[in-house]
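Working notes, structure below.
Each chain carries a letter (A, B, C, D, E, F, G and H) given by its place in the written order, and its residues are counted from 1.
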């Protein structure tokens, strides 16, 4: 296993993971100090692929943007991205949400996909309580190489999408809900128990992970 | 509060609950001895309404049927019923399932509804992974006074039904599933988090309770 | 399925759901931006029925009220309502609470019922630890078409109400409690396990959903 | 701490715990071999108080009865008792159940109380869905020194009893229920969240523990 | 059931519960508005017993104290008490804690006991990891009519106390802990599974309930 | 949505789902009667794709094999398969297990893949406690289009595989474990929290679903 | 990483792990076929250290003993051991239980320790509800290099032992309990929340793991 | 049991626990008032060993440092330490983390080890998704007497480390993660289910406990 990484003491970033694995190492911001994040971000810039910081709070995002030329803050997506892949390529992918409040998670996925060189189709607020909104887009969905479905509340949308497409569905439970939604656990369980056999699931609100998987499939 | 009940020592049945509340006291069999069940069943027969024993295992069911003239065992529904209301009345109700394995719970509901004098429409195996099966019946569903939806696995069907009908949906999570279905808890959570505002929920596999509620609505 | 909805990009509201389903699409505020909520609210006003925003925080509520003529903020209920149905109709319904702290959830239900054209009877702080307070109202309760019961702590009240009425009981667990109340999960479990067969349950603190169901029953 | 106990290697029974603490060491049968139980039982017989084996399966119970003169098997209570205290004494206590299926747990409590020299009043199947059955006995209950309440399903009965008595209520959740009853956890949570301040709780199905506490109070 | 209560609309307080049941109705403050609390407090003052508001936040406590002559704020116990029973009576009771951080819960119990006319012995920070601290007080403990044990972390102390006393132990799990303590659930489970048969349990941090029970036993 | 399905009353199978979605409708056996399964199996044979019954118990499997010409029972995989796709095609996929006891789940995936026309590489018992066993196969793994990883116990293997491959990892938690493994929930949680961004998860023991997804990716 | 292992296809045993890591690879029997276990056992015998099969059911154990010369079945411990280290060495270790029913887990630990060349002191049935039984052995315990404590029910014993010894305590929660013991989870939580800083925990009933750790410490 | 402790009323510190047990009593700050902490700290200074306050918030830490000569605040570790053991001794130990955000927990362990007289090797950010970072240090790790592994997210690192070392691994799950990480519970479960037999576990984020155990082993 010949892998090149750097040793910053508090972190050991791998700038060339994009080349080694087809997707870059992202910086998950919570729990790291601003200095640590900036330092890792700079180190990752020595590689070729995109550099992505996820769940970036506003203050940090602005620091990164002012410290690093070309870094862009995507506010809704809570991402700071540098050196995105500009040439859009790969087979088509879609990002779908059940409701309006799921959009931040969906944008984390969609903007990450764009940074990875994909051109995702966005289809928002088409949840199962008003199915007609989804069905109008059935043809478009059936052409996708992968579909990311972000849903909170009952988390039922991935099953419905899974029943109409010809590709893998990556289900992202969101923390949107209340009461016995348990911070997203209810949506997660729904998705893991999906009647549709082509549905797999990532962690609650994990838009970035869904984007990596969809990007690898679409390649 | 003027209520007449009998005192058997180990039980205090109320034969006239049908008159007092519009639905009879049912005998939930598990945890009671065969002698206790037979004794309570006989006592309830002194009232006018239907007498219903739920979750009756085969051996007990056969004992009841042979001991009590007119008692009928509904095998799939796991019910023993005596003195059902023969005249079908009330507004229309439907019983719907997501899959084939949900049918025993649905039959518990449907046969109970029949005992209570309703004539339920059955619509089985129309789960969300193949939505076309449900949508073909949309018109029929929109005429119902109440719809009972029994679903295991992802438990997503009540949300979809809830989005197309004009009446309350009584969702019955079933224990049909595996792994992180947790014996029906996953379906239950999905239903409690339904995006459709007209959905309420009863306990896992509680077909009888759903029937009581639908019957009261349909009256 | 012929359904008319609008496409705002971030949301696809359906102003005529009241006509299609007998209850309107409500706006659940948490997780949406103020601009999104205002925009959806305006769009829904193009329909005929009431427009209701739930769980509206104070600042947003005041914005809505100042931006939209005729919109009213119900502070305790945390609702903003526009174009309520003024003619009260339907069979009688009641809203009951176990304690004083359950009143905000009960008011969400009661004010929603009023917006939907019902005239609910309120009966507050009649929990099971002092049963005499409830029993005094037994006659009134026995005339209802539906009873909504909001209870936190042990969540035992719906079972008691379920034992004295002739109609469905819609149980609303509230998040009122502490320790092993688990944010309302304890009350929810109590209600789902109710000994009374006419009790169904909605999500924790879901007063609006309970109102929709009671309204449909009372129609 | 001067305590006398015996050392059997696999167990260290204390025959005189009745004298030291006012209640005897009981033998909880599950997980112990028949030989171990018989040996411990014999050893405890060297003390003066009652000897009680709980949760005794039929085969073991019959072995104990045939091996030990004077040992009595209480089938419903699943207890084997030797040398019970014959002189009934202490202030009055009651054992109450919500339903018929709770009786085995209640009998574990009642027979244990008898072995400890109390004369419990039994009041069975008076659950909250038919409150009139309980209220008829309100006067009797208000004279008790302690009341044990065994309830499965919604577990609501202790709160109601707690609201009418002048003494501590010892709540025993039972495993009687199904679905989201979770083997008794739902009843347990209800009881721990009781609105009545005089309710404390023991483990699911723990009739013996409740008897010990009631006996100590009644002394 | 002849019970006198008042109807404030938002609440139905019962000023004479002390006479009817031997303990007063307490005001659990969270979830009620300051006006509601003040109003209920005043209403309860029309009875004879002590009036107790629990979990009173500082601002509210100061309001109550300035509005109501004779009301006293017990800061650590988070109680406001008026008209305590001055004559100390009853058999001896003790309040014990595992650690220093459990003291607020213990004080809620101890001050409530004082309001109810008892004179509790306090024994703080004697947890099981240093058992010698407890054992030094073994003799004193063995004379008690009831012992309240408040413990967080492993919640093991009630079992140890239960093994040395001759009376009921009322175990109060506290929310003191971290990680997989789950806000007190871990301590609660420990106590419910106690090897000592004389231990019963109340909700997490429920010092007041424990005091009521101990007071009733000590009477 | 033009979808052809049959209506057997108790089931509505769709024989042409393979053509519509690229994977066939499988029959999940538990909860269905033998007659139902046989009937659905026969109905699905009218389509062109493979017919697969999952979790088939021995007796049923033998019935199917004797009733249906060409049906094959895969004992370890618990599958009955008819009309598999004989021409192996698609990009390479691998099925990996952490231990020996995970093999039945892995075989469900591998045999399903073969039925779907893939030629999976099997790599069994290479769990993380002896990492050298996995690393020896690093080169082979890096050429895969998708890797299915089945693991019980700590469920850590997908993270490690996810760190060395260039493709999506479909993680299948298995129910292999004991104690606080909670029937597979522990493995499931590990996988959902994977540090590797290319890991998605299916339900516990869901080998078939993993195969469908890997097959769609490999196409 | 130079590690020698064998490849049996369904398993990749490492006979020399004892030399590489100081403890052998054990065969956890559940989920493996008898043939697989026998084959792995034989393969591991080519190494030098002890070979240990854990959780061996009776039938398998007898097969192993008759197939493999020198293999010994330890019935209570549910172990089959071959080639144990005969020379007892290392610093002293103890195995302690709270009750009699914990002995099978304790014996799994003790016999494993013996196979690994240690001579453990056994101290059984010294749970916290009768503390005097433990304290009598305080001096012996204070000389240990490591103490394994197996406890079910409240799981409180490790905290007490942790407060009197000078060495690490390895806590083994057992599945001995009922009701809200949740199969050992309650004991596990107690131990993880121990007030004593020298306590660490292994999985429920994991006597073998505890033995490995104690053996490594004692070396 | 001859143990010397002091009685401050609200606390009973034991300054000589280091001598009695080989590790000092630490002050866990949350839930104690600043005055209480300062008072206990001063009392413990009368002993000989190190005095350690854990989870010290900034304001308190600065108070302690200014009030007590020689006390040092370790900001990242959230510790205040006085009178550390200056002479480094014992066999080598290591502290390892999976990621950067686990460092505060690791530093709690490492600085505690230093206070206890050990000289830990730090190895940070070597999680399983990039295994090469760990394997480079395999030789160093194989010489340790004990290894502490702190990991959040999937918590997989202790299993991998457990497979390459010759000593006990003390696994510390951290609260670093999101979604279904459940505040560290997911990491905890992974570790308790470790395939490596030499892994034991402490509570989430419990760096101090891990240090005590490693220190005792290294002695």
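We take it that a contact is a pair of C-beta atoms (placed from the backbone, for glycine too) under 8 Å apart; a residue touches a chain by one contact, two chains touch by 3 or more.
Note that the coordinates shown come from a computational prediction; the quantities given were computed from them, not determined experimentally.
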Contact-pair overlap exceeding half with E-H, pair selected from A-H, B-C or A-F: A-H
If you tally C-beta contacts across B-F and across F-H, the winner is F-H
Would you kindly tell me how far, in whole Å, the mean C-alpha position of chain E lies from that of chain C? 35
How many angstrom lie between the CA centroids of chain E and chain G, rounded to a whole number? 43
Measure off the straight-line distance from the CA centroid of chain D to the CA centroid of chain E, and report it in whole Å. 26
Using the touch rule from the top of the page, what residues of chain B touch 2 or more other chains? 1, 99, 130-131, 135, 163-164, 179-181, 185, 188, 192-193, 203
Touching residues on chain F, where the partner in the complex is chain B: 1, 3, 5, 9-12, 14, 17, 25, 28, 30-32, 36, 40, 55, 173, 175, 183-185, 188, 203-206
The answer for chain B against chain A in the complex is residues 98-99, 127-131, 135, 153-156, 159-160, 162-164, 177, 179-182, 185-187, 189-196
Using the touch rule from the top, collect the residues of chain C that touch chain E in their complex. 99-101, 103, 124-126, 130-133, 135, 152, 176, 178-181
Within their complex, state which residues of chain D touch chain E. 1, 20-23, 26, 135, 138, 163-168, 170, 188, 192-193, 197-203, 208-210, 212-213, 216-217
